[in-house]
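Order as written gives the chain letters A, B and C; numbering starts at 1 within each chain.
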């Protein structure tokens, strides 16, 4: 199937050359990379803001910035990280690049719309950044925009709200594109249950994007109306209801956390079979559990509002469902581990990151359960325990899955190899730094250290200092990792088409892939993840 | 087999239709959020909502409903026309649709400016002094009809684009996804109005 | 182990312990198992992978076991939580008022205190009232936390077990000085409490001048001191008739503080910025205060002459 007659997508010259060639390209691979570069850029900004917060918190009282600046910093840190980085995140980068290839298509269903989504994304991201500089000063509401404060704050909240709205629009269009792509463009013979699991996870994600995002859209518009027109839906002085906002916000934002994690789960699901040379364990269970997470995830939003005074039985109900939604995640974890069992395991950097993903995700997940239990939520709600929970699950989960994915697909994307040695070193520093940074926040959170605190009581200092030290170590790890990837992107050894002996379709075409992906659309006969048909038939007898 | 040229723009009406339906879903959810807010406040302030609905001019509302319903029909007729290769009829039907849309907007304009004359607009002192439930009712009224009007405007733009594309032959009897999808969009605009109308004007 | 400072602590702490034990077993267990797998089936030793695709038995097993465990966790959480909403009838009632960025406790009869003083071993119910935005009243030692939402009646209750001082924190982000919105609970012997309450001056008896009441209620004093110290904004000390360098439209000019300037400072704080302060810190109070109220504030502030107070 390997063909060399076509130019690869990196070298291809269409109507425009150089940068313009990228900015006008409707090729899903280029768009995927364009998302990646944009996301990396914003990640570095937002991460440095995180570092600034850690420096500020190295001692009680003011150290490097005043309270107003601190409030602005965690707000924009949260907004960039959530709306600009992790929500589009893996789906936009790896989804765009690999979804069509993995289902044997030449592109997504609507290539032009795909490019448009990127531009809308960039417009939203730029608005988010601009909100820092124009008007009444950097927004200071937190990424959750809770009213009444967000309707009253004198800062430039409007722009941030609009930015989130625009980004939501881009997210909807990407989701829509993926759903149609998966419905219409699967290669002949690829039935739903022959589709690899990364596309499955994207499918579940896309439905959440399409069905949940409009709710946040209208909610943000209502806050905008509140600020500009004094409409008062959420203003108790005019009869409005501040809790209504929280309900609407979380109806979207809870499913949104699964928008972040599902593609990440999809990525690691690709990695375990390849490096164990063994079919994925429990294919059906993993696919169905993605859908289950997406479905049940709609009905647990109230767990962010346990202490707002909602009724006794709503607390009961939301807590119960929160626990139910944990079970599909558990199923996935068990299946991943079993995929490795009995394999021929090659502990290359992608697998190392994928395993760390499981470890950190377990910690994040179990602390999520702690938050979901009514009694313990009372103690931990809005403390650094929550902060640690979601950094473990977002950065430790989604972030590490991204690192795993980029190390896995790097040779495919660039046609070159990075240095394994540097990758291991970076991983070591990163892993230690990460745990030092976030683990202490669990401890002081339980003791009563609230989140979004510029200042704190002296008894929490030890925890904060360890955490800040961890932040610096983490940064060092990231620098090594980025250096490794950026430098060897052009300078690395030439990679072969299938360096890891993977069996999904992306490994059957040259590295980097040709413009049209496939010279001839493949016809699918085997089950997915078939490494050794003979052996399998012999051992299972079917 | 085309090699090393740009991606061919492959045409799949089925895909476009699924895509459009998905998009319409998102639009319904967008308004759905507002309906939810409506339900909550209606529950809390039923007397005020009752009074607010009374103040709105049900005649203009009904008239506009009829206008939109007819326009939904004409847009459907234009799609049938293009399938039957009758380009002229198709264009004419679109033009009628646009005229009806403009009539709708004109009515909306009168309705709103009538309220503005009484200094009744969001944030105005008159409005701020109403009972709380009525503030919210009018807030919802302006927000919902405003957002709907925006959709009407977008619909008009889409239809105008279709006229040009039909004239230039880009949309024809074998390739009419654009018109079909614009028609779907127009039906959505109509549908949402069908929900808005009773909620704001009739239900008391 | 479970000797928390209030009656609610035990239920909460038990839930913590229960979840953490299970978490510990699973996290350590699965990690060890992964490492074992990595070593045992390393490609160096194991060239050939076994090709199997799953097992329905196992899938059922690891659906059911976690399901049972999470339902147990849920149950413990619920049991620990349930008493938090069942207030005993004999609970003492205090209203806790949250405003940007201070707490105030109303013991009835106009007796207000900025600290929460409580008799030991007596159930107490706090009714939570917000005067502006969302706050949340958190006393970590007692394991209680409920949000203080404007327009909503929320409450919490507990029985303090031990004499001592405990922190009160605000855990719902409420703007600039959210992290300074702290206070103290002082749990004392019952007779000491009675004594303290009897001595607590009823503010209702000598009413504050209306201007001061407004300043307090609106939260101005969070940013403006009356003793010359610089908080977020300039101090009100000696403000009336003082000269000020202000920046209007980017140009500096010197003005003398009078009624008009005070009024415009409240309605349009960003028009004439006091030199050395940033735009956007103080928001316009046009919505919150009507003309009469602003007049009362100005009247009160006009007693702050450089010679006087």
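In this section, contacts are C-beta pairs under 8 Å (C-beta built on N, C-alpha and C of every residue); 3 or more make two chains touch, one makes a residue touch a chain.
Just so you know, these numbers come straight off a predicted model, no measurement behind them.
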Contact-richer chain pair [A-C vs A-B]: A-C
Central chain (distance from its CA mean to the mean of all protein CA atoms): A
Inter-centroid spacing, chain C versus chain B (mean Cα positions, whole Å): 45
Averaged-CA centre spacing for the pair chain C and chain A, given as whole angstrom: 31
Intercentroid distance (Cα basis), chain B paired with chain A, Å: 35
Multi-partner residues of chain C (each touching 2 or more other chains): none
Residues of chain A engaged with two or more neighbouring chains: 230, 240-241
Interfacial residue positions of chain A with respect to chain B in the complex: 5-7, 12, 14-15, 26-27, 106-107, 109-113, 172, 176-177, 179-180, 183-184, 210-211, 213-215, 217-219, 221-222, 225, 229-233, 238-241, 244, 248, 515-516, 519
For the chain A and chain C complex, residues of the former touching the latter: 67-68, 71, 135-137, 140-142, 146, 148-149, 152-156, 230, 236-237, 240-243, 276-285, 307-309, 312, 315-316, 319-320, 323-324, 326-327, 330-331, 333-335, 337-338, 340-347, 355, 358-359, 362-363, 366-367, 369-370, 372-379, 381-383, 446-448, 450-457, 527, 531-532, 535-536, 539-540
Sites on chain B touched by chain A in the complex: 1, 3-4, 6-7, 9-10, 12, 14-16, 18-19, 22-23, 25-27, 29-34, 36-37, 40-41, 44-45, 122-123, 128, 132-133, 135-136, 139-140, 142-143, 147
Contacting residues of chain C [partner chain A, same complex]: 11-12, 14-16, 19-20, 22-23, 26-27, 30-31, 33-34, 37-38, 41-43, 46-55, 58-59, 62-63, 66-67, 70-71, 73-74, 76-81, 84-85, 128, 132-134, 136, 138, 140-141, 143-147, 149-154, 167, 169-180, 182, 232, 269-270, 278-284, 287
